[in-house]
Amino acid sequence: MSPMLVVIKKEITDALKNKLFLIILGMLLLLTIVSVVLGSYQVKVSLDSYNQSISFLKSLGKTTFPAAPNLNPLSSSKSFVNYIGLLGALLAMVLGNASVVKEKRSGTLKLILSRQIFRDTFLNGKVIGNMILLFAITFITSIISLVSVVVISSVPISSGDIVRMFLFFLMSFLYMTFFLVLGIFLAVLMPNGNKALLITVIIWLVISFILPQIGDTMDMDNQLPGGFFSSMGMNKADTQKVLDHFKFYETTRDGIEQMSPTKHYERVGFALLNIKPGFEQNTALEVLSIKWIDVLGLLAPSIILWLLAYMVFLKRENIYQE
Amino acid sequence: MNSIVVFAKKEFKTAYKDKVFLVIVLLFLLMSIASVYIGSTTKSAEMQAYQDIVSMAQSQGSAIPTAPEIYPLAILSNIIEYVTMIGAVLAIFLGFDAFSGERENGTLRLLLTRPFYRDQIITGKLAGAGMIIGALLSATLVFNLGLFTIATGMIPSLSEILRLAVFMILAFVYMMSFYIATLFVSLKTRDRAFGFLIMMIVWIFISFVIPQLADTQRNFAYALSSVSSTVTQVPTDTAISRAIELFSPAVQFKNISSDLLQVVSSTAFDSVFSIIKKNILAIVTIMLPTVIFLIFSYTSVQKENVL
Amino acid sequence: MKTKKTIFSVLFLLTLVFSFMQKGIQVFASEVPNITTNYEIVPGETTNARIALENTDTVSHAYTLNTGQLPEGFNGYFSLDGNVVNNITLDASQKNIIDFFIDVPLNTSVSDMSIPLEIIRDDGVKESLSVSFTLNQDYALSISSNIQSLKAINGDSIVLEIGVTNTGNKDLTDLSLQVDPPYKWIVENVNPTSLTLKPGENSLYELKVTIPSSGQAGQYPINISCTNSDVTSNSISIPVNVSTSANYFWWITGIIGVLLIFTILYFKKHGRR
């Protein structure tokens, strides 16, 4: 059997014996079920609330009403975006870090590297083995979501919706792969495995929370409930005149958000799940072609980190010392 | 008492030699500075936008809208997020190898052969962590006050300083609650990384998952703005959403802090005492796990299997 | 007869709110026993008639307000103190003024119509009247665009041509384009800023809109209408498909390509082990 396949098999069996991995996985699956159930329930509740608001507006003599809420069955997976962003990323980081650090600590890395296996092959086996695991996890969660949406919400789901859902879970897989590769890269780079894990978590914090938080804070319209401009009684034309003064501010704000794979995942995820309006008429593949920058924002950092991991792993002499 | 001081000093020195910890401290300070800058820039942008609106309204001869209510301390409000996120993680970083690190290095056995009581070790570590977190929050308070004065040109009044001080005390209690929980996990687990990740999972649940679950139970009523005739969604609490939030000290901390830092306009001019009185249940929710884990830590350290 | 008399008397005030004429036209009221009233209505506008309802009985009564069948596209409803009502309760000798609103669609072939209104008291007594409406086609405006959809890149400016036609019988002056672009899009220029059209005349607006470079890729509608103090045209929506600049793709691919080449050279230099 090819050495890489051996490494892949070993990765999968090791992960399934990892207590922490199983705990996080169990929580992720539980949250998936809970979020889809609650999401389906929320769809029904929001429709009732909308109808009540229409009656209220009519009682004020209004004749123009806001559009009906999106009775989109895929929107019940909205919370899943957040859970993948948190628990999914943590799961991938744990896998990535553990795959290298456990070999160092148990002394098996020295043994494996003395065998007839190239370092890059060994690394490929690690990455691919863990990617297979992550793919299996996202596939299982996608099946659970699909079945839950069909059974619980009773909203009809088309073949286009099914394709969108699977593509969304593919994006989740790509997002988790980034953190997997990040975990492996830092475990290979730093001699101390625990420190590598801590740094990985710090980077995750910066990417997933701090950069998006800065982006949100810099968006003026987010500062007051209902929007700053509508609280001023401004119509769109007046708002545009004012915004014209803040172009540089806006470019900086967007630049900060673009550095976050979490933001890219959120954008492509919301477009696929029809949570962001404007994509209802597009097919799933059309959505991906429109949102190609976000897909690239997920893929490119993983590829870059993978190549850097190759170079570091090849060069380091003390790689097996912890 | 001397032994407690010795332990506290040791914790303090060890923490500040750890590069990873220093990175997080720096991140915390930078983010709080950045938050003051961003907050004041955004408020200035809003005031500038308001001036533009007034000029436009005057040239069109239409009614001038009332000025937006901008409260001084609200400029610092982003620090609430940073304490909830980075502050909690910082406390976890401090505590995750408090015991498991000593155990792995073999120094725990050495310590226990010395004439210290075991509870003094816990108290010493708590005191040390308290000094670190207290020093950090004091530095943040001084920085924020200074930056606030420079950025806005306003000198905070006594009541505003009091609100800020009470907020910092609350932030201290919040961060210490994470430290104490992490200390307990460190006592119980053999593997440092495992203990750290368990606490990260707890943090994720408290700070994100529980609030999101509560959010799904809110009613999203449509609110009509009589000025602009626009309709926006405004979430309103339900009994279920409030019950779910009770399980999250992060949400309770955010609620009290929002009142203290004038984020909520209805309590912007209330006295500090009335705010504390209004949020007494939230304070208990934050303190209760702290006290429980503290008791568990003191009892666990007495057992043989702590080695 | 006595019953009818004691039950209630319906006084109809002639209050015309002609929004197609000038604002602030004098409102006058008269008690007219004649129950047929005529109003002028304008396409795309809302007109209201004011009806005074008095209960001359000695006990309180509840009244149900109904409208008859309206032509397609028309919407009619009663309103009291700003609230849409279908029922009203009056105490003995109480009088109330009710508004009857009628929304007129922009495009309608109806020129004259008569709407039956019915007021039914809780004990079954009915009172009916017909209100006549004459469509005033003096002021009517229509806009159109040949553009089905547009493609653009973030940071670009797009130029749209909007055709406008005076479909009424009178001149329209000071016509201006009302543009509702997506959030953070900037309307750079509208040419001309103001237009005058004779009946049957058409013209063209040129509209320049800038898409922010920070905008996300997607489909965004620009809603446009044309208006002056007398009339508002139909609203058209032009979808704009915004995509991200391909430069980002080339830059990122370039960086990955350079790194890949560097990795291969690195392996060649240090040897694969």
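In this document, chain identifiers A, B and C correspond to the written order of the chains, with residue numbering beginning at 1 in each.
Methods note: contacts are C-beta pairs under 8 Å (C-beta built on N, C-alpha and C of every residue); 3 or more make two chains touch, one makes a residue touch a chain.
To keep track of the chains, here are their UniProt names: A, B = ABC transporter permease subunit; C = Alpha-galactosidase NEW3 domain-containing protein.
Quick caveat, the model's predicted, so the values are computed rather than measured.
When the partners of chain A are compared with those of chain C, no chain appears in both lists. Compared with chain B, the chain whose C-alpha mean position is the greatest distance off is C.
Counting contacting C-beta pairs between every two chains, the top pair is A-B.
Centrality annotation: A (chain centre taken as mean Cα position, compared with the mean over all protein Cα atoms). With centres taken as mean Cα positions, chain C sits 41 Å from chain A. Between the CA-based centres of chain A and chain B the separation comes to 26 Å, rounded to the whole angstrom.
Centre-to-centre spacing of chain B and chain C amounts to 49 Å, using the average Cα coordinate of each chain.
Shown for chain A are the residues in touch with two or more other chains, namely 60. On the side of chain A, the complex with chain B involves touching residues 19-20, 23-24, 27, 31, 34-35, 38-39, 41-42, 45-46, 49-50, 52-53, 56-57, 60, 62, 66, 79, 82-83, 86-87, 90, 94, 97, 101, 193-195, 197-199, 201-202, 205-206, 209-210, 213-214, 217-218, 220, 223-235, 238, 241-242, 245-246, 249. Partner chain A is touched in their complex by these residues of chain C: 46, 75, 79, 82-84, 101, 103, 178-181, 183-187, 212-214, 216-220, 241, 243-244, 248-249, 252, 255-256, 259-260, 262-263, 266-267, 270, 272-273. In the complex of the two chains, the chain B residues touching chain A come out as 20, 23-24, 27, 31, 34-35, 38-39, 41-43, 45-46, 48-50, 52-53, 56, 65, 68, 78, 81, 85-86, 89, 93, 97, 192-194, 196-198, 200-201, 204, 208-209, 212-213, 216-217, 219-225, 227-232, 234.
Looking at the complex, you find that chain A touches chain C at residues 58-61, 63, 118-120, 221, 236-237, 239-240, 243-244, 247, 250-251, 253-254, 267, 271, 276, 278-279, 281-282, 290-293, 296, 300, 303-304, 307-308, 310-311, 314-315.
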